[in-house]
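The structures considered in this document are given below.
After this come two complexes, each holding subunit A, first together with subunit B and then together with subunit C.
Moving on to the complex of A and B:
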């Protein structure tokens, strides 16, 4: 794997490399080189299977991280390509032309994180959240508990107790 | 439309003779081994900390009382009830569970037409999956919080074994914030703390780096945070929810951290005590120990004019005259005391009530009296030889050392006792031996075997680090004296200390003997009180002063507290001093 990375470094600007496990490596490249690198890996290095495409919200840094996880069946190894993109203008070049399945991942990312992939088939259609009217729920500034409390009515008859207050009532009430 | 289109649907008829792919009895379909199905809760393991409720992003969990589960120290008696109309089966509650009591079975099938039954308390309301072996358990690979406490820096044994410099250095800001981040804010500790301190609130203040808020929380229930932040018996830590997966929080060091950060001249401003309104009523307090200081503080906040009478030359009581300086430096006691003094509390030192001033005079001059004179009389084993002049009482020696009097340290010393006082005098004398002779020859021997020695564990460990020999499980028989000089201590094996009912009733094996060479013996087996000065008040069967919940004695004007009523320990004294202040306020406003 190290040989491969050394080879890639001649053509691409790899800013970080993580050898997570013998069969799992991650590299980071600038946004403008990501699709070219993924294409290169597919066409020249045998990484012809897209395992998954997902994202991480680095809200404090105002960035989204995209991870293209590719598999090389001859090496029996995965290579993850990481890309940091701006969180406010979250747009990325689509790769649906490389793998058809990528369109589904991209549609999911659009819905759950609000990351746009212009030109990707059906990218603007709801994926699983029909009638969603809030910020994308995988963004870390989405308050799940607040949404849940506002959206779903509480069952009548529910009561709860604060452990510390309850213990005071039971164990030292006179104070 | 072609003929093919017309005929094609009929090809489906062939499926009639095939084996169906659907399952006949869907209810027999098993979930995967780690499927996240209905919850299981081990009610015995669960402590009702409510962390599951706190983390649930769907507000699906309520903490409710359960029949047969009692509220007791370290257990709220509440158990999680889950509303499956809201549960999304994410298992965060299982992952965060502090005791690993909450898990999920792999059962997910349950049909009922009554929606109400889908809200129940796992473990308390019997379900068919209660004993399921399969299902989701928190994987061992990760924890959602640090299970190990942040280590506090200490002086190494060789740096401390001949000096009285404070041994524990305290947390840095970074360390304190990291340690405070481990708190799940369940609040189970509050009930166990004798002063019921707002522990989760002040830990939260550390986490938010809001030291002023932290100090305010401390002073709501404890006006001696520098003292308690160093020498509190930290019973809170024994019930901390974090102990089940790792170490309990370092609550005591976090308290010390807060107090250490604030300069004493800012106290009044932060605590809002710059312009206290005084009333005309006067309260006398006997004893400037933790109980007296605590009562004085809260009484002066309420506007009373408070005067403390102290037999010794400085304030602090046992925390000054009992606890050695390497655990609690005197300037830290002074910091707590000076703030209380700054609120207008008057001190009269070197004045013993009963000898210098009769109690009756205080009754005449003041509207109420609070007596908290502590346990300053050492108890003797009364074994043969214990009346020798080189056989001492630990409390006497500790007091004399603090007063600056010279201790006639000998080369070989035996300390009798297994509590913190034995450790305090042992470690003090070991330091003095080191200074005088350049080596330590000191044995601490206790009736109790090591596992039940009453001293704090770290005291035992640190004593050994300072080259003290600990000999647990021996009963003192007599002190061997030859030519009027102590030769050592004869001991016999102690088999058990308490009887089946938990009463002190030691059993010895006189055949198993031992002899500890010594030319000085110190007894540290407990302390008694001198309450001669309040002759006439009603005592309990156990010869303690009888008081009500407000620490009011049989004489309505006389309130009694501190170690002579509870404890002995500083935090109980602080707690009951606070309660007595409220009681005195009630009494004077009747």
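Moving on to the complex of A and C:
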């Protein structure tokens, strides 16, 4: 894996590398090089299986982390390509031309995180939510508890326990 | 739509990308919805079909009827509180969720689990595979009009659920694997009762083999249906039996050897023809492989010993910053959890990679085109999809 990263470093600007497991590595690349790197990995390094494409919201740093997790089944290795993109201008180049399955991931990311992938098939159609007019729900600043309190009526006769307190009483009564 | 030939031809003209040219106004096409409440749909999802005669011309998958926001809910809960949620992501086989989530937290927190717990987890995963395939085989037979096979196979599945109940106390949701190990080992006499059940299941499988796989109706309807070309496997992200039926030997148990699979003797089962019949037959062989694996596990696993590693107070448990992806081979393919932690007492992000995500959306939309409308249900079941893992 280290040889591969050394090879990639000659062509791409890899800023951060984490060797999580012997067969799993994570690297960070700038936004403009990401699709080129992913294409290179697919075509020349045998990482032809897109395991998943998802995002992590780092709201404190005003960034979205996109992760392209690629797998090489010949060498049994995973490579996670991380891309940091600006939270306010969340747009990324689409990879639907590389993998047919990627369009679904991108459609979900548009809906759940508000990250746009111009040109991706049916990216503007709702995937899971219907008639949603709030902020994209998987962003950190979307408060699920507040939303459900505002949207759904309270049911009389239902008691709510604070989960932490309740579990403490059940699991560690002597504390 | 200016081309007049579209009105004369029996079948519509093709677009440059291979899709059919459809004009809902010209009276040749009908749009119908299969689902969300329909016996020919696996779970709560729907297919928006455009048909001409009885052939499907266009298919769009619609999900969202089951969305409960599991990934988001888990971000607001302590690590231990994620477990009652995660099992709901794939209802007929919740154990793969438990395993992936436990293994993720253990890896990020640096916890080693005891030997007996590893064997127990392997046993539970194989039992989950067996019961899920048994339920599936009933669904596949039912979708081609053979209702009685579902009754036999669900009886066989119930036998496995009895053994689950014996170990874990639960039949469907077990929640037996927690970070650090498992909640207990098998009770006295479990092997004997399991063996009796396995013998009975093998007898039922023999009947199913004769009545289903050698049945002319089933063969005629499933052979050639839903052909998956081996070249699509990586393009569409196809894994599990759907990929193996196309002759691609991808099996996470063999390739990444988690838990105790290295110590067990089994072959990666592959098929050749890659149609609905091959996939059904492959899953039938998987049932026998699973039965064999359960026997091997029961013979090798320790009967007593430490089964839980020391875990910090779960109410104050903080996992250092990190990220990892843990995968396992579930009945439908590669099932994995990608988890990011930020050093706090809550996960930053948990993303579930369910195999149905690619099988039921991109692949199903492609395979359903030019298929007879009566076969869409059988096609969908032959891909073995569960909607909750698409929308999480």
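Simple rule for what comes next: the second predicted complex is superposed on the first by the 157 of 175 C-alpha atoms of A that agree within 3 Å, B and C clash if a C-alpha of one lies under 4 Å from a C-alpha of the other, contacts with A are read in each partner's own complex, and residues count from 1 in each chain.
In this text, contacts are C-beta pairs under 8 Å (C-beta built on N, C-alpha and C of every residue); 3 or more make two chains touch, one makes a residue touch a chain.
Please read all numbers here as calculations on a predicted model, not as lab measurements.
By the touch criterion stated above, A:129 is placed in contact with subunit C alone, subunit B being left untouched.
Contacts of A:26 after superposition: subunit C is touched, whereas subunit B is not reached. Legend: residue contacts after superposition of the two complexes on their common chain; A:170 is shown touching subunit B, with no touch to subunit C. In the superposed model, A:63 lies in contact with neither subunit B nor subunit C.
When the two complexes are overlaid on their common chain A, residue A:161 makes contact with subunit B while staying clear of subunit C. When both complexes are overlaid on chain A, the residue A:5 reaches neither subunit B nor subunit C.
When the two complexes are overlaid on their common chain A, residue A:149 makes contact with subunit B while staying clear of subunit C.
More residues of subunit A are touched by C (comparison of subunit B with subunit C).
Judged by the document's definition of touching, subunit A residues 144-145, 163-164, 167-168, 171-172 lie at the interface with subunit B and also at the interface with subunit C. For subunit A in complex with subunit C, the touching residues are 18, 20-21, 23-24, 26, 48-52, 54, 56-57, 65, 67, 69, 73, 76, 78, 80, 99-101, 103-104, 126-130, 137-138, 140, 142, 144-145, 163-164, 167-168, 171-172.
Across the complex, subunit A is touched by residues 63-64, 67, 69, 71-73, 75-78, 80-81, 107, 232, 234-237, 250, 255-256, 313-315, 322-325, 327, 334, 336, 338, 340, 348-349, 351, 353, 357-358, 361-362, 366, 391 of subunit C. Residue ranges of subunit B in contact with subunit A, taken from their complex: 48-50, 53, 56-59, 61-65, 71-73, 76-78, 83, 85-86, 119, 186-188, 190-191, 196, 200, 549, 579. The touching residues of subunit A, counted against subunit B in their complex, run 144-145, 148-149, 152, 154-155, 158-164, 166-168, 170-172, 174-175.
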